[in-house]
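Below, chain A partners chain B and then partners chain C, in two separate complexes.
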Partner chain A sequence: MKTFFLSDGDLDEFVTNLIAKSPVFAPVAKKTRFVFNQLESVEDLRLDYDTTILPPKKLFVPTKQDLVTFEHGKYEECLAPGKKILFGVHPYDIKAISMMDWIHEESNFDIYYHSNRKATTIIGSNVQNHYKKAFFGSVCKELKVMGHDMFLTKIADGYLVEVLTKKGDDLLPDGNFTDVSKEQIKNAADVNTKADENCPSKLKNTSLEIKHKIRMYYDSDVWKKKSENCFSCGSCNIVCPTCYCFDIQDEWALEPTSGKRYRRWDACLTCEFSEVSVQGGSENFREERAERFRHRIMRKTSFLNDKLGGPACVGCGRCSGTCTADIADPVSIINEIMEK
Partner chain B sequence: MAKVKVAWFDFCCCEGCQIEMTNFGEPFLKLLELVEPVEFREAMSEKTTERINVSFIEGSFSREEDRVRLEEIRERSDVVVAYGACAVTGGINALKNHFEMDDYKEAVYGADKDMPHLDTQDAKPVSAAIKVDYAIPGCPIDKDEFLRVVTQLVHGTSKVYVPTYPVCLECKLRETVCRYDDGDHCMGQVALAGCGAPCPADGIPCEACRGFVENPNEKALEQVLQERGGLSAAWAKKKSQMFTANLRGDA
Partner chain C sequence: MSCSSNHDKNIFLPKNAIIRKASQMTAFETHFTLKMEDESEFIYEPGQIVEAGLFGYGEIPLGLSSSPTQQGSFELVVREVGKVSKALCALKAGDTMTIRGPLGKGFPVSEFVGQDVLIVAGGIGLCPTRSMIRYIMDRRDEFKDFKLLFGARSPDELLFEDDLAYWRCSSDVNYLETVDKPNDRWKGNIGVITTLFEGIDHLDPATRVIICGPPIMYKFVIAQLAKYNISEHHIFVDLERRMKCGVGKCGHCQINDKYVCMDGPVFRYSDIKDLEEAI
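What follows is the complex of A and B.
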């Protein structure tokens, strides 16, 4: 790893050079929230964002993605990964991306995901402002922040820049990177530790304790109670950086000779997610909303831990903030069960 | 390939969805190349009695005498598609269902309210009279959804996928700022998706014009409309009545 300093004044030039080189996707303001969008100018960049509505995963698996098109009996795969830069990713989202990297190759190598992922350079940045529901400081401590190419931490007068890979190295000519002092390195480490400590909400137990106890509560009536106001809307899945389920559909075009196969992000909290066809009819293997509600929490606290090396939740707080019924917050559910 | 014979019929409605279709422009003209319209009052005058492959029905079932006409259409058609809120849920017409029949008759027809040709009843979806194979809801319909479903039908897809989850999911997919995060209220949590959530994206609440999802959490909606949407208790209770008279738990 190489470490540099980039002054506040030099950030603009660096980002402007990047924009000139390839599309740069970064947090920009959208009314009261933020989203990862393609930057048109450095003025739109908001490294002070709290969190985005959707996670940056959307750049690797678009919310709706054509997989194959066909015409007159010939088909074509829709792989067109363009080089791009994902700028300003928070540490919790970087963790989630490394989970996604692995999940998209574990049983099947997802060429659509990985071709986009490979074409992307990821530049992380520290959390300057906390999302009201964030708890990343107390969850998934087992997993390291890794897989990114460069990381910026805001310190006095500029940024501490860590360069972690060859892809990161390749960007060095685009900015006026200068030497750092030991003190600046220490300051940056403090900034990141403080960001973890200052999360507005916290889990009180280790991942292992949580995993065991939540599993023990599989048959508890807590799920029914907690999910009473659930709309089965799936918003808590859609905004989650570690959710990865999708639905595939085939569709004809107007001309009866062509069409496409596409996939769309799916959500296990919706009723139709667990509907399967059985002998001409259909069957729902998670018919009750309490079962679906429980399933998500089990997935985030217990089911995937052994495979991932930690829980499939990075504490971004998006699910909690997006739930209009205000029942999706993993912290309140987990802490309530842990206190029992 | 033989052209698919299609027909349009209208019942109690504003015919806005038919107009919406004639607004489609090029994709609709393309669709017309694949089908042969045999009956379409808004755009042509001939009427037929021949067999129809796909019938599109607009408008709600709000007079007992319409039952016979609907049954005839069912009889003549291979596939029946109800389109527009009126046909699918009773739509805005069903607002009257919240009142006593005598009251709404008097309010609309005054002294003539008991004349036999003005006979009426609660507005019901077409499916209350006959079997409906596909429903394309919305007030008015979403033209992309209409084209998508009809395209699959005329190309012979045996079961066309339509979503059953709430509008919120589509709203999130397009990364709209939630109305609740913008100091407003919304009913997308109980509204049936398929429209692509255009209203919140335009900064206005979802009014559930497509009707409720199958198991709407009405109690939770009432609570959220009050606690987060700032509506009064009475208004929160009534808020979702506009398009859902035939779908409500409290009806």
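What follows is the complex of A and C.
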């Protein structure tokens, strides 16, 4: 890893050069919140964002992604990854991306995800302001922040810049990167430690303790109680950086013989998600709201841990912020069960 | 974490298969015999699944109905229940459908070799289990006693009439059948599938068992098996779930930490009996 300093004044030039090179997606303001959008000018960049409405996974798996086009019996895969730069990704979202990388790699390689992923250079940045529901400092500690190419930490008068990969190296000519002092490196480490410590919300137990205890509460009535006001809207899934379920559909151009097959994000909290067609009709294997609610929390705390090496929740707090019924917060559910 | 994935292959891209024969078995089920368009041999194991599809409509997961012991073609049965299956059922000999697969884990055949085998199939549960039934019949010497129990709702819903006729008189299989609702011509057993166990005094506790049928059937059949002291470790269930991708990504088939399309569709009963949503 190489480390540099980039002054506040030089950041603008760096970002402007990046924009000239390839599309840059970065946090920008949208009313009172923030979103990852293509950056038109460096003035729109908001590295002081708390969190974005949707996580950056949308760049690798768009909400609707074409898989295959077909016409009169002939068909072709839709792969057209464009080079891009994803700028200003917070550490918790970087963790989530590395989980997605593995999910789309293991057993069966997902070429649609990975061609977009491969074409993207990821520049992370530290959390300067906390989202009101964030708890990233106390969750998923077993997973390192990795997979990104460059990382910027705000320190006095500028940024400490870590360059981690060849893709990151390739961006060095675009900015006026200068030498760093030992003190600046230490300051940046402190900034990131503080960001973890200052999360407004906290889990009190380790992932392993949580995994075991939550599983023991599989049959508990806590799920029913907690999910009483759930609208089954699926918003908690949609905003989650580690949710990746999808549905596949065919769409006709003019007649059934031509069109495209696409996938779009799906949500296990919705009622239709677990419908199965069986003999003479259909059956739903998670018909009750409580079962679906439990499925999400179990998925975030226990079902995928062996596969991922840690829980499938990075503590961004998006689900809890988006839930109209205010019941999706993993912290309140987990802490409640852990205290029992 | 093992990683055996092939980075060049597109797991969502199917291949074409030509329909060599399409015959309507009942009011709802059509039986297809297929061959890959590129003339390659379709290689699979009994109990595995494919995603069968038609561009413009979509894909549906289906268990293979034929046995790999039969070369040159493979068979599927499509039950008309939705948009995709309706479009597939309208296809005729000479038409093309798309195939992705084989997918998932089938029956662990080697565990059945040298053992008594009991297969319990309800309704269209006969379609995927037929892959194993035919496998056993084709390599009969490798297995010991073979019993097959089949239950349908009515005589009109009996599938694979030619097979049934053969099994009824074959000495290679002890075949028992029943229907819930008989018609005037029906002379056989009447009642739910578990009533067939009345005719079985003894089963070797080491018997390997396969169960496939409507969700309600599993619990009752498993309760019967307990009476013969059959180990849950030797019972295999074939689960149907609404699969989408078939390759472990879309999450639709997930039951707790198991994915039906990757870990199944065939599961050892002892592995899934505590999964509340499984059966």
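In this text, the second predicted complex is superposed on the first by the 336 of 340 C-alpha atoms of A that agree within 3 Å, B and C clash if a C-alpha of one lies under 4 Å from a C-alpha of the other, contacts with A are read in each partner's own complex, and residues count from 1 in each chain.
Note that in this section a contact is a pair of C-beta atoms (placed from the backbone, for glycine too) under 8 Å apart; a residue touches a chain by one contact, two chains touch by 3 or more.
Keep in mind that what you see is a predicted model, and the values were worked out from it rather than measured.
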In this superposed model, does chain C or chain B come into contact with more residues of chain A?
C
Once chain A of both complexes is superposed, is A:W265 in touch with chain B (first), chain C (second), both, or neither?
first
Applying the document's definition of touch, where does A:I103 land relative to chain B and chain C: first, second, both, or neither?
second
Using the superposition on chain A described above, determine whether A:R286 touches chain B (first), chain C (second), both, or neither.
second
For A:P256, is the partner it touches chain B (first), chain C (second), both, or none of the two (neither)?
both
Scan A:K167 for contacts with chain B and chain C and give back first, second, both or neither.
neither
With the two structures laid over each other on chain A, which partner does A:L67 touch: chain B (first), chain C (second), both, or neither?
second
In the superposed arrangement, does A:K224 touch chain B (first), chain C (second), both or neither?
neither
Can A:K21 be said to touch chain B (first), chain C (second), both, or neither?
neither
Does any part of chain A touch chain B in one structure and chain C in the other, and if so which residues?
249, 252, 256
If you look only at chain A, which of its residues touch chain B in the complex?
30-33, 35, 53-54, 63-64, 228-235, 238-239, 249, 251-256, 264-265, 267, 270-272, 289, 321-322, 324-326
Which bits of chain C are touching chain A when the two form their complex?
1-7, 9-13, 16, 55-59, 79, 81-82, 96, 123-124, 214-215, 240-242, 244-245, 247-252, 254-257, 262, 276-277
Okay, in this complex, where on chain A does chain C touch?
67-68, 70, 73, 75, 77, 102-112, 114, 218-219, 244-250, 252, 256-259, 261, 263, 266, 268, 273-279, 281-283, 285-286, 291, 295, 298-299, 302-304, 306-307, 309
Quick check: in the complex, which residue numbers of chain B touch chain A?
1, 27, 30-31, 34, 147-148, 151-152, 154-155, 157, 161, 163-166, 168-169, 171-178, 180-182, 186, 188-190, 213-217, 219-221, 223-224, 228
